[in-house]
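In the two complexes that follow, chain A is the common piece, with chain B as its partner first and chain C second.
Let's look at the complex of A and B:
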């Protein structure tokens, strides 16, 4: 005799049980199975970029311990960011990314491109499910879109618990495809920015609404692919202490140049002669090592982590992050946060090009890949609400201090501040229900 | 006859609420209730205890005055039954159909030949053959108001009763409270919702002891739904190096080959979990692959 097929057995059993126990079998309200986290964040750099971000994330746990996570993020970005050119003792004029219109930088100020105005939508989904023998499997995807950028990625991860779940070993892979379609097209790298007086008028509004093609453009879009491999071990040391170690390897291929960034070309007196579009290698390999430990004291938790990242662009970075959560009465808590970050410059980073010397193969004056130190100082306050909801506030101060990676500043440039530091304030409110 | 444990209910505080303990159906029974209100917890615990005792009194085959005892004493006659008995027997009928005849509540009579006392006392084929005619759910007649089996036959609802009591008790409790509750009647358990510990939803974590099996403990974690365990504990026979489990194939009257020592199954309702655990054991050495193929969550001990 043949046993009933699986789906049939389950549904027959459900029907039989309904007959026995009535249809009043406990069906939880679907919404009660979801846990939602929402957050609103504002990030504001002094005189530069401001960003607002809204996040809503939902987590649904199913009866078999399967977990579905969905997250929607909306970002709005406005303001100005450094275009890569150095400050000069005179007013400087730049072509907008569209190739139509111009903007200016005052004398003795870091040139900022005020074109930035962007909205980003990001959708993330992850499905995690326990398998037999202590294995947990997870698969997820991510899609994000800005007006000039699109990113699509997928990942999968497998973890195994050992020693009564005191040890977890995991391995994962993620693949991403990113496409950039910059305003005005992809500029021809290392060629001069064309500043034409014929281009209609100065546009001080900071808008670049024109969908024109930059005369330096060689393509309308380009893309890159990323492969990430991740290996991790989490070890419960005792009932108070947990240690996590991760290693990740990334291989990125494709277009990684920032189409909006330029370099000043200086003569021997330090006077800017022209601007050239930057160029970065089309391959990058990164290795990252991460160590985290959490320790539960009687009424507080310390969470400390260190991350070392190195890549074949020559960027080495160290991050130390410390959080100390102090439990107060009634499940309120206060959590100071301290973070230090130190980065060495990429091999091809240079703050400017010199006139009369051969063009390097790659060059970028983007402060984000230059030498820098940053630190973050913050505090978070969290409290439970009446029916189990949670409310938390976070305020942080962020300082970014680019450093001279050993470049001498010729002539008039010696008087200019070309490694300007940035101060920012981050404020966040989060609510979970 | 053994003196029955007294029917008392004890209450004690525990991490996030109260634990109510009592004894029913030859098992220690617990109700865990996450609430600050001890009186409320006691009320809910009492509901579960009285329901468990009611079901024990009504369906235990060891009690001559129970419905089950009466049906067995009157085998061969057509007996009137009430609605609840009909529903339970109808469920047993569904189980028989779903298992293609492997799950049969008339098979208990094989105990007359098999005494699983750890000895090498294997019955003879003749003894078993003599009993086989008295087994077979298909030989019974069930209507909404009556039940009839052949003379000499017996039914045993022991394989379903405890799980049924868990489901019924939780149903009754759910009508009285919104608090998270876990019911555990001798290792068969069900929970109504996730616990809320420090404002975060947490599953119930329960260790199910199998003391006879190398001190192994199965730790299960559930938010809602049920878990039931079936096993042969130390009930087996050993002869010439062969282990005879107490899981009997009703069609042959002989033990199935190489079943797991115990199997714990998760399902939305406890009675479903109990049926699936028993059905899995009846698959013998294929128990795990059977559950796996059905997409059912389980923990097996061999």
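Let's look at the complex of A and C:
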């Protein structure tokens, strides 16, 4: 039964893919050349964002070791997201991103914009083929679209094997063009959020479906471009161990401000007087150093990696990721996962603005570019199915703990929790056939 | 200052790896373990793609393992 369903599914996907590619190969042969991987994941934060993401990826290997990879990703997102304002001892009112309607945050709670809702479709294709003299060449593209965002990118990569294929050196480049078209338009950065019942009338429906124009808007959309360079060395150490070292450089130019984020402007007593839209620099340069190793013990494999990232926004981060796969009888396995992450705050991060002081050139109260530690604790269980298919389950717990990067909380703000920790659960099922 | 240290450290590591390469490695018939799917550097690409999307959206870092990604204005 299982086998029949799986073969039917594979057959259906193969036919669909071949039709799209205009291939005329007979189906029976074609089936054997395709491998499909699918995954369904649910991500859920306590009281905040929930997301569901589905991926279907197909890999077709041709006779001369050429490989075609195609991937379709769908995701849906809903829930509430911190808007950047700080908690206050009183109820706070904000204008919705569309400029139509308002929402409120209760006293002593982190203000959340509960209108957050989006769906995304992403298509990825990659072609890889061996060339002569140990070279491998790859080229690919990516298109992604969501309600307020569009991204288009292309990449190419060349790798060369040396030393009986024990050493591989690679270099790649990716170019991306992203366009953001936020609900309500691009707000004028660092200007006050206009909160007036005259604009809108009160709306507490928790929806923001109206395509209104926010009175603070200065444009309907903006863009950014990204150039990524990636250089890597992979080395086989011995029969049980291999190591990879990568350096990546990224140059991003254009609109990187989050149009939905604001900052509270506080008086000397810590009472909020107004809210201003955030502003981030329009250029960012990132360097990342990545080291990964895998070691095969008798009945287990350790996969360890470390990444150091530094950028010209002043963000330095360290990421350690450990996976330990324990092989059980009958090709079942269990894989505990641990991940630790630590970042320093961006130079322009500040949890609020002070009334009566000059506005900074850039400012953002987004906790995601503030000082923060996070960790992930997870476990995966995998098993083979009757005729070569594979099934796996993964459950993880993710904790984000924002930190105070040295800011004093004036007056009543001293009583408020402005670095609230966030808990999330990640659950995933994967099936390969 | 910090960046020049980083550059020096990575150059030293790179040269160690490149000079040490010729004495490291295995013969083609010793690849029984390395050839397993689970010994591939990216042995679970969909897990990696999903994780990259989560951490790219929730943290201020990206890239390193592969291209930094994008295509998401996610919160």
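Keep in mind that, in the parts below, the second predicted complex is superposed on the first by the 401 of 433 C-alpha atoms of A that agree within 3 Å, B and C clash if a C-alpha of one lies under 4 Å from a C-alpha of the other, contacts with A are read in each partner's own complex, and residues count from 1 in each chain.
Keep this in mind: a residue touches a chain if its C-beta (ideal position, glycine included) is under 8 Å from a C-beta of that chain, and two chains touch if they have at least 3 such contacts.
Computed from a predicted model, the values in this text were never measured in an experiment.
Enquirer: Could you tell me if A:233 is touching chain B, chain C, both of them or neither one (first, second, both, neither)?
Expert: A:233 contacts chain C only, not chain B.
Enquirer: If you stack the two complexes on chain A, which partner ends up touching A:329: first (chain B), second (chain C), both, or neither?
Expert: It touches nothing on chain B or chain C.
Enquirer: With the two complexes superposed on chain A, say which partner A:242 touches: chain B (first), chain C (second), both, or neither.
Expert: A:242 contacts chain C only, not chain B.
Enquirer: Considering only the touch criterion stated at the top, classify A:46 as touching first (chain B), second (chain C), both, or neither.
Expert: So A:46 meets neither chain B nor chain C here.
Enquirer: Now for A:35: first (chain B), second (chain C), both, or neither, which partner does it touch?
Expert: In the superposition, A:35 contacts chain B only.
Enquirer: Touch check for A:13: first (chain B), second (chain C), both, or neither?
Expert: After superposing on A, A:13 lies in contact with chain B but is clear of chain C.
Enquirer: Tell me which touches more residues of chain A here: chain C or chain B.
Expert: Looking at chain A, the partner in contact with more of its residues is C.
Enquirer: Touch test for A:65: chain B only (first), chain C only (second), both, or neither?
Expert: Touch partner of A:65: chain B, not chain C.
Enquirer: Answer with first, second, both or neither: which of chain B and chain C does A:21 touch in the superposed model?
Expert: Once the two structures are laid over each other on A, A:21 reaches chain B alone.
Enquirer: Could you pull out which residues of chain A sit against chain B in one structure and against chain C in the other?
Expert: No residue of chain A touches both chain B and chain C.
Enquirer: Can you check the complex and tell me which residues of chain A touch chain B?
Expert: 1-4, 6, 9-10, 12-17, 19-22, 24-26, 28, 32, 35, 61, 63-65, 132, 331, 384, 388-390
Enquirer: Given the complex with chain A, which residues does chain C contribute to the contact?
Expert: Listed in rising order, the residues of chain C that touch chain A are 2-3, 6, 10, 13-14, 17-18, 21-22, 24-28, 30-34, 36, 38-39, 41, 43-47, 49-50, 53-55, 58-68, 70-75.
Enquirer: Looking at the complex, which residues from chain A come into contact with chain C?
Expert: 37-39, 41, 43, 49, 53, 55, 57, 71, 73, 75, 77, 81, 116, 118, 120, 122, 142-144, 146, 148-149, 151, 153, 155, 162-167, 172, 174, 176, 178, 180, 182, 226, 228, 230, 233-240, 242-248, 250, 258, 260, 286-290, 292, 294, 296, 301, 303, 305, 307-310, 313, 315, 317, 319, 325, 333, 341, 343, 346, 368-369, 372, 374, 380, 394, 398, 400, 426, 428, 430
Enquirer: In the complex, go through chain B and note every residue touching chain A.
Expert: Chain B residues touching chain A: 87-88, 90-91, 94-95, 97-101, 164, 167-168, 170-171, 174, 192-194, 196, 198-199, 201, 203, 221-225, 266-269, 271-272, 275-276, 290, 292-297.
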